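Chain lettering (A, B, C, D, E and F) follows the sequence in which the chains are written, and residue indices restart at 1 in each chain.
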């Protein structure tokens, strides 16, 4: 496992992230234009969705697909409750901030997922091709749990069909699922046509994206004073708890080693795109610095640098690969 | 031909467009940043121009080059008159709006052209390498015809040398012709140097671009109420008429199967970059929603999804390939 | 040498630059969005740094590394003094403008460096892999010399630790050195993972970037009336003097043919990113049009089109390759 | 040149709330506005910058709205309902406009 | 701090007309202006947004122009000739400026 | 709706000076501002446009600052120290704001 951790640390991907973080902490003016970062994230979502779909088309649908989707949705619903309780114990943050944070940890970070697939492909470990669909399914339920936690208190959250549409049809989900379906429809032939765009340069593009994530996380860290010590501890402990829950679910469902590692990663990761947007609309009184800093500047780096090799090692041990 | 249509429908390119369109119609917030879309269009123009030029350098100049350019220019001049008459019969839109729309249909859509080359390469059909030059030549003449149609009425259009320079030196034309010349000058050796940038990832990049075109077309469709029923009919019929005119010209000139299909496509397609800009300056009283919606949200999808396979099938039949 | 010059002139890279320049001079509206240009420059810096580092990892550190760094730093310190004296003789510009310009010519243009590596790789000439580090080291010292020249006069320049941090940690330096270190750490294995992103498409991406540089240089040329005749002469003569100084240093240090050519290029080139930013803060009274036009619209094109083949030919002659 | 009294309302609002704001404007019969991008800023809820964003959940825009003076109160009331619980600022100034028939 | 009376003219105009507008400003001896991007908006000719654009034929910018009061009329006349037949709005407000020698 | 007097300060400044400006604002106890991008412009030092830029050394931004009237002088003094030797313009206008507690 130490080997794995070191190999991970020395991958161009992780080092690019570290470079970005270091640059931000040193207050360099290095920055990736917003439009470019958004363009890259479109590329990554399209590529990962398409590859998943094309692979599903060639391998056929697995019986575990439905089970995995179900497991993912349940995890997304339940993890916020766990996160909320933990936060109430560890940190002095307000009830409403705790609920908002909890929502982020039930949902997922697609970039962490992408990095995990890249760790898997480096390690030569296969995974279920429909895991991208599971990722998409896990985005939204956590938001519901968070809003329920908030409405249980005296505070009220604004929630209506409009906001629901926004959440369920947010750009990332639509692109991920859409390209998954395109990949399924066009299959290996379709993949062959665009392989030299979405497969070969993938890791390199991911480096630039993680450089930017490092810059953002580093800038976030400079505002880390919004977090009390307990919150920081939460940011490291919660992904491990989430991963454990994901592991359990994966073993129950009977996922492969790669699938297990990916479900652990999804459960361990925290959202910083879909959930913050929903929270700003529904719960404006919750402080965005708290949830963004925690998920972007604490948990994301933790998962990327330490979490992923741990999850892979554990998955390999327990699925007997 | 049904096979061709289905193969086309199941290509990643068309499906990406459909995904974008669906996302926009469902009011997802998926969007491609303007700068990225512009960057991709620069890539596409550069790649297609360069490849055309490099191919011309290796195959030598064909006797039909001059004829084809001439045919393209004549088509661009004449098609607006056809379009205008048709519109006056079919739709109740004002004379000036009809003239403005007509100008768009005489000119060309370079993205439709790019998609056509990709359909050709999928089908393994060769085409004259100088067709990109024909495409460039067909951009501007239609504008002149539109302005003539307008000035014949009581309305007046502002036209001066300044605007002419803007039209003839608009970015797309300059880039397309410029990279065509570069490709010609550097030939196959030059192409070899940048092949892995402009050839292999081409189709994949085109997918992202068409995703964006789908988003834009879908948003446009939501404003389709500016169009009366006759205008919508025009948007489907005119490309078929244009393609027929292009077919005739191609047969007269003696183009290859691929060249015939491309000239049909050019004639069938409607501009949404150069001509709208010129119209806004010269004929501000014409309603941009009408011509943009028609060319982007009606005719472009029609050509992409149904037109291209039809044009290819017809070209194959009539050129005896 | 004539062969080399013609081969260089007919490379897609140089022709793309010429296209951009011609488009700008003809006042075409062709333009590359700022975000895209910035994205490409991040790509180029990352790629060139990474490749240098990875190559260093496989070839091992050369004894000349330290010497080359030292030589680069000394050149960067000394060249501004040469440039300043020359300017005072040739041009009537104010003392402070002359000092500001001098600072630009002591520093380096990383794009010229990138173009030089591409010329080398076309010619199949190897170079020391650590030359990117030398490039980074040569960015800042010249600024110090320029400020010293200014403070010697009656004018005063604002200089403080804040500005120093900004200069030394400017985005380009951090990215170049950072990716160099990443390349070193991950070595050839790391390179293999992202090769199809940073190696194969490199020249093609560079074409688009140089297209944009051509547009910018061309727009700059239209303002060339800020330069008197002597200043223009300086813009052509200074790179040759700089290259000679770089040649001398390279021979003393004992660099290879490629390394010699690169050090000549660095010495010959003038900054248009880091130094202008520093000058705007520290010496706002100096006219930015003068130094930007000289380095971007005069010296950069000169180096790209004529300088690079000359430097290579001379380096080949004098290093006996 | 003939000029007419008007009000210029400038609203800084979170991007996520923009659609809700423009719907409120329409409901108050305001049909003219322009949206400008904001790169960063500072306020009671701290300092932010576009560069430090990956989330759509933050970021702001400026909405400029030129209206006839008599439409000011209904506009402010409609807008207020949207921004009430949210961060952002609203300012109003007196301007003169040409082509009054447009407002 | 010493302040001077000035006028702030704000023009929303289609991007395709920008060069023509700045030429008109120069012809009216106005040498200072700034151009800001506009992301979207709404007016008599409907709602538009930068995101829905592929064409250079649409899209707007905001031109801000600070001038001495006495230059207002010539400026408005020059500008009016350009925008007359085009969509867009023009507003004028009173401001104070520092460093009056710059205007 | 309850409105309060305030001042709107609009500063056009070179991007390289932005951080120094916001530090000056903070030193003058101003905690609210917004930064907008500028695409191009013209002034005594000539015409420029974002498109013609590769250097970070040029390019401008617009800083908008809404403040209580009594904070105007300290603000202007602090700002002036930063922009004094630099290009750029500063204008001040009277506005009304909602939610005065925010300023």
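In this section, contacts are C-beta pairs under 8 Å (C-beta built on N, C-alpha and C of every residue); 3 or more make two chains touch, one makes a residue touch a chain.
It should be emphasised that the depicted structure is a prediction, and the values quoted were computed from it without experimental measurement.
S.K.: Can you name the chains that touch subunit D as well as subunit E?
M.R.: Neighbours common to subunit D and subunit E are F.
S.K.: In terms of CA centroid distance, which chain is the most far removed from subunit E?
M.R.: A
S.K.: Could you state the distance in Å from the CA-based centre of subunit B to that of subunit E?
M.R.: Taking the mean C-alpha position of each chain, the two centres sit 34 Å apart.
S.K.: Whole-Å distance, subunit B centre to subunit F centre, using C-alpha means?
M.R.: Roughly 45 Å, centre to centre.
S.K.: Give me the residues of subunit B that touch two or more other chains.
M.R.: In subunit B, residues 29, 31, 33-36, 39, 170-171, 196, 201 touch at least two other chains, as defined above.
S.K.: Residues touching two or more other chains, restricted to subunit E: which are they?
M.R.: Residues 36-37, 56, 93-94.
S.K.: So, with touch as defined above, which chain pairs make the list?
M.R.: Between chains, contact exists in these pairs: A-B, A-C, A-D, B-C, B-E, C-F, D-E, D-F, E-F.
S.K.: Please give the residue numbers of subunit C that touch subunit B in the complex, ascending.
M.R.: Of all residues in subunit C, those touching subunit B are 10-12, 15-16, 19, 22-23, 26-36, 39, 122, 196, 200-205, 207-208, 211.
S.K.: Where on subunit D does subunit F make contact in their complex?
M.R.: 10, 12, 36-44, 47, 49, 60, 62, 73, 76-77, 80, 89-94
S.K.: Could you list, by residue number, the parts of subunit D that touch subunit A in their complex?
M.R.: Contact set of subunit D toward subunit A: 14, 16-17, 20, 45-46, 49-58, 85-87.
S.K.: Which residues of subunit D touch subunit E in their complex?
M.R.: By the definition above, subunit D touches subunit E via 1, 3, 6, 8, 22, 25, 31-37, 61, 64, 66, 93-99, 102.
S.K.: State the interface residues of subunit B toward subunit C in the complex, per the touch definition above.
M.R.: Per the touch definition, subunit B meets subunit C at residues 33-36, 38-39, 42-43, 46, 50, 165-166, 169-171, 174-175, 178-179, 181-182, 185-186, 190, 193-198, 201.
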